[in-house]
Amino acid sequence: MLPWRADLAGRLDEGVIDSALLRDNPLGDPHERPVWVYLPPGYDDSDERYPSVYVIQGYTGHLTMWSNRTPFRQPFVETADQVFADGTAPPCIVVYVDAWTSYGGSQFVDSAGTGKYHSYLCDEVVPWVDERYRTIDAPESRAISGKSSGGYGAMITPMLRPDLFGALATHAGDTLYEYCYLPEFAQAVRFLRAYDGDIWRWWDDFKSRPAFTKKEDAALITALGCSAAFSPGEDGRPVLPFDSRSGAVLTEVWDKWLEWDPVRMVDRYADALRGLRAVWIDAGTADDYYLDLGSEAFRDGLARIGVPDDKVFFELFEATHAGIDYRYPLALTWLAHRLAR
Amino acid sequence: MLPWRADLAGRLDEGVIDSALLRDNPLGDPHERPVWVYLPPGYDDSDERYPSVYVIQGYTGHLTMWSNRTPFRQPFVETADQVFADGTAPPCIVVYVDAWTSYGGSQFVDSAGTGKYHSYLCDEVVPWVDERYRTIDAPESRAISGKSSGGYGAMITPMLRPDLFGALATHAGDTLYEYCYLPEFAQAVRFLRAYDGDIWRWWDDFKSRPAFTKKEDAALITALGCSAAFSPGEDGRPVLPFDSRSGAVLTEVWDKWLEWDPVRMVDRYADALRGLRAVWIDAGTADDYYLDLGSEAFRDGLARIGVPDDKVFFELFEATHAGIDYRYPLALTWLAHRLAR
Amino acid sequence: MLPWRADLAGRLDEGVIDSALLRDNPLGDPHERPVWVYLPPGYDDSDERYPSVYVIQGYTGHLTMWSNRTPFRQPFVETADQVFADGTAPPCIVVYVDAWTSYGGSQFVDSAGTGKYHSYLCDEVVPWVDERYRTIDAPESRAISGKSSGGYGAMITPMLRPDLFGALATHAGDTLYEYCYLPEFAQAVRFLRAYDGDIWRWWDDFKSRPAFTKKEDAALITALGCSAAFSPGEDGRPVLPFDSRSGAVLTEVWDKWLEWDPVRMVDRYADALRGLRAVWIDAGTADDYYLDLGSEAFRDGLARIGVPDDKVFFELFEATHAGIDYRYPLALTWLAHRLAR
Amino acid sequence: MLPWRADLAGRLDEGVIDSALLRDNPLGDPHERPVWVYLPPGYDDSDERYPSVYVIQGYTGHLTMWSNRTPFRQPFVETADQVFADGTAPPCIVVYVDAWTSYGGSQFVDSAGTGKYHSYLCDEVVPWVDERYRTIDAPESRAISGKSSGGYGAMITPMLRPDLFGALATHAGDTLYEYCYLPEFAQAVRFLRAYDGDIWRWWDDFKSRPAFTKKEDAALITALGCSAAFSPGEDGRPVLPFDSRSGAVLTEVWDKWLEWDPVRMVDRYADALRGLRAVWIDAGTADDYYLDLGSEAFRDGLARIGVPDDKVFFELFEATHAGIDYRYPLALTWLAHRLAR
């Protein structure tokens, strides 16, 4: 009954994947994971095969949040449907993947701290989809996109698995870690003063009350979760990359993080990146985590290794880190035109 | 599959009311309105009648947003269910009411600018519910609650209709207008410089693009919508209570707003307020709209007219205006214990 | 030895006035007051008489602060000298007046709370200067200017004493009180929670330690000092215009403030204002106290009562409330050209 | 005439040093430099020799700013005098040193970008003072102190010249560069968008208008001046340690900065630091540049290399980076008690 609500022209299948890889994950998070597969208009009346676009979420995101409605806007599931319905974009299958953890996210990597979320995505979700739907099972016909930590995942996954993903879109994706993470470490240290410098004391407190009722919650859960993803200890427990009282960066640990910084991965994965058909990069000029800078740096990296300009879309637009979901269908349309079919 | 997701112990009916009062409303908004009615555990197995609590939303809220999920928290529909499921609160029927408009909200008043939302709530929704569900149809068994503009509606509706509502809960409800609205007018004036001081130019722009992509959107839609609610012109068009270039308050128009300020209504509606069984008032100590001050002032007003302290719950807690939905079940529980059954 | 330091082309006399009017002022502040009189280049070699411009300061300002140096900028005493030295402005005598009090300022009014600072300025400083220096003792040759509270004083003094002052310059002068003061009251109320709502407890604390070491100091001293100026009680003690727990405006007290709001004084003093030769009004577009709005409103007021546009200079420029001292010589130059000689 | 103004019990000599080392400095800044020497009460009536404390300033500071007055507070020259006058501290000579440059500061290092300010301080100012005043010319009787960049200078100078300085006080001194500088680089990059990424275009603009009228000025002058100090090119021109469009840190350049980071210098200068008699470290818990973290890290570094705790004073107090001058006399007193006499 809302004027800005739309019925889907396509169809959304809600499935569940029983993951072998996530079974017995270190956080005891569910190994049964929801997955949504969107089929474009016409899918059911044809035998055609379609390119696929995988969509992943930002930190603390979980799949059901794609249904959230906000005032005067449509959720992505509807705006994505619309670009296919009105012919703006050639039809694609869109796959919504869940990679949530108890720390808020997985950064879409395999980690002793959280679980094998990268492998889950690549070795379980992709085959599961390809078996059940008429996708074109080829990297030139498969893309991945996301925002924030989802943009991060969209940058690294095709580097690691160019055999699977041949295109990507990153909206304000995490990169240039000295700007997106370090200032938050400084905040984290100040917040930890109330917990005697012990993040586990905060974590116990966090779990004992409604989440995000204290100003420290957001910075500390990010610190914890990214440590779990990037620098788990031998026992799988997250190791913070900074001294929890002085904030001094612990080089050995921080270097493990930096190995996962997309702008620093570019040279190592130059071949994979040069093989991509299409790369969409955007961010708000006032992004809270300076991801506009990271986006510039990632674009520079691509140019440096010889990715041709005509394969890259780059834009900084007036925005912070919030409220930029209206960019998703723009990137989806652009990708849909560039995927092989 | 989320650890913090719960199946309902009770039951949620999703209905639609075809409103005669909203038909041909000035904004052309839908007259068919969704309504959700929650029935507590045990409802279907008994003949019992139950108190009812009406729940209304903040500015720009619309009914489907009650389904929105956030990380590590449950939506109110689930936390409300839980207090009944675990016996913390005696069972009630909970009614979720929609009063959205094209300007973002109605402030739950009858207005030539938006429509008869107050009457819709009182003369259409309440009877519709009472006809279909085993409520106790008496003011001492009927409460209303909400946050922000919803808290506002929860304060004024029982003043206007003590024959219907005998209890209320306001979380950071709009009041003490000199603090909650005036500073936003100042912002609005600055934002209007880019529109040559003409809010209709902004409105045209706003409707032409994704909503809330400009920093001015939030303040300007509030100014427009509240003007529609409180100071519509003879033709129903909102009249701003301030000069759109200097911000100077236009006393005649502003006085119409002040007539609707709960703290200023207290004396006029003293009898109604003195008849209430229970009043819950809370707000965050750092509320963005200074509604902690408004809450204090409303409480003071109740004391001044002789509402006994033991009928009033008052608390300021550490928070801003955001993220305080975890307070709703606290107030619901408190009300449930105080409604006659 | 600084490249941006200049020797004066004119001459600065530092004098002291033993004020009869300030003797026994309620705060026990000094009745001997410094005054600086700047004489333009050529003064000592001629018998000419000169127009005079009185310069007053913002809240918490005291005379010696005019000597303060900042990086890469010259103090006003030097930039003022320069416009005369290089012939940009025809020569004037510039008088720097002190009206500091123990509460930080006097708002340049006569008050039972602070003392007779208005009369001191008009009936003691002006004659003292005119007796000792070759001024042109006529309103069309005498101007007054200032920033913030000094801009306020520059607006009201010619209204009250058009026989003395025939021109003015206000930089971000206090006016449109609903915007410049009310939001600070809201802050004040929150700050007072730590003092059990008692501003005198804060005042005792403030005096017992280094000033401005607590975040509450600025808002509370303004509230106290302006109350002393605008709404002293019968015993001279400041009466706050708001309830110190809820912030609710106390209409009777607040009305006393509003009587002193320049935009609200315009109609009452229309004759005086219409008699002015020159009015400079400016402010930053992002002024912290919304004095850009106040400036617009004051300009509107002058237009409404028939002050011709060619007597008024108006500009909003990109700035906050801070760092705008570079505007002073612009206004001084403009005034110098318009004063009768 | 201000109640908080004091006449000095001691005496302040204002001298000028004609520096051979600063002659022909690369920025063409003055080689004649003011120096103030404060002599404690009793100096003129005795033959005693005194310990000396050198005081240096924060970024953009120049000597005359020590005379600046603020409301309700005394300048350091007066509060310093007071601790000697009332016997709180045993008498010392206090030397106020100027090390200003056209970029705002020198960081008290020798640099091809700005000049030999470190050597000027150590090899010209110290001997100049020792020749003219009855100091005790020994490191155990000579301290250095400052705030912000002055605190930085106070940390590094005794490391470099333990033969001269045997004690120090740093108030919010620059250190832990990843927190105090990197976030400002991110800001700088954004600001440079308006200058096509070219800091020299900004610099030309900056010099053509009143300083600090644009929001970018503070971050950009710091970036320029610190580059001049830490990473001048072969031609002496500052080389920024980051890509001016993406912000990506240029490791080779940044490493030159890090060599000058006090927390990173600790191990290299362990002997010098272990030889110190007294180290005062403090900062505000909400320091704008996270220098509270840097202070913790510097203290940790001292402990790590074996500086005994009883030689170190450490405190974090509630404050930002501003308004903390009231801390200076506390440190001065503490040092005065610890210097050999």
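General observations
Each chain gets a letter, A, B, C and D, in the order it is written, and its residues are counted from 1.
As a working rule, a contact is a pair of C-beta atoms (placed from the backbone, for glycine too) under 8 Å apart; a residue touches a chain by one contact, two chains touch by 3 or more.
Keep in mind the model is a prediction, meaning the values are calculated, not measured.
Traced through touching neighbours, the fewest hops from chain B to chain C number 1.
The set of chains in contact with chain C as well as chain D is empty.
Within the list A-D, C-D or A-B, B-C finds its counterpart interface, over half of the contact pairs alike by residue number, in A-D.
Here the CA centre of chain A is 36 Å from the CA centre of chain B. Centre-to-centre, using mean CA coordinates, chain B is 56 Å away from chain D.
Centre to centre, using the average C-alpha position, chain A and chain D are separated by 45 Å.
Counting partners per residue, chain C has no residue that reaches two or more other chains. Against chain A, the residues of chain D that register as touching in their complex are 176, 178-179, 182-183, 185-186, 189-190, 193, 243, 245-249, 263, 285-286, 290, 292-294, 296-297, 299-300.
By the touch rule above, chain B contacts chain A in their complex via residues 1-3, 5, 16, 30, 32-34, 60-62, 64-65, 67-73, 100, 102, 104, 210-214, 318-319, 323, 326.
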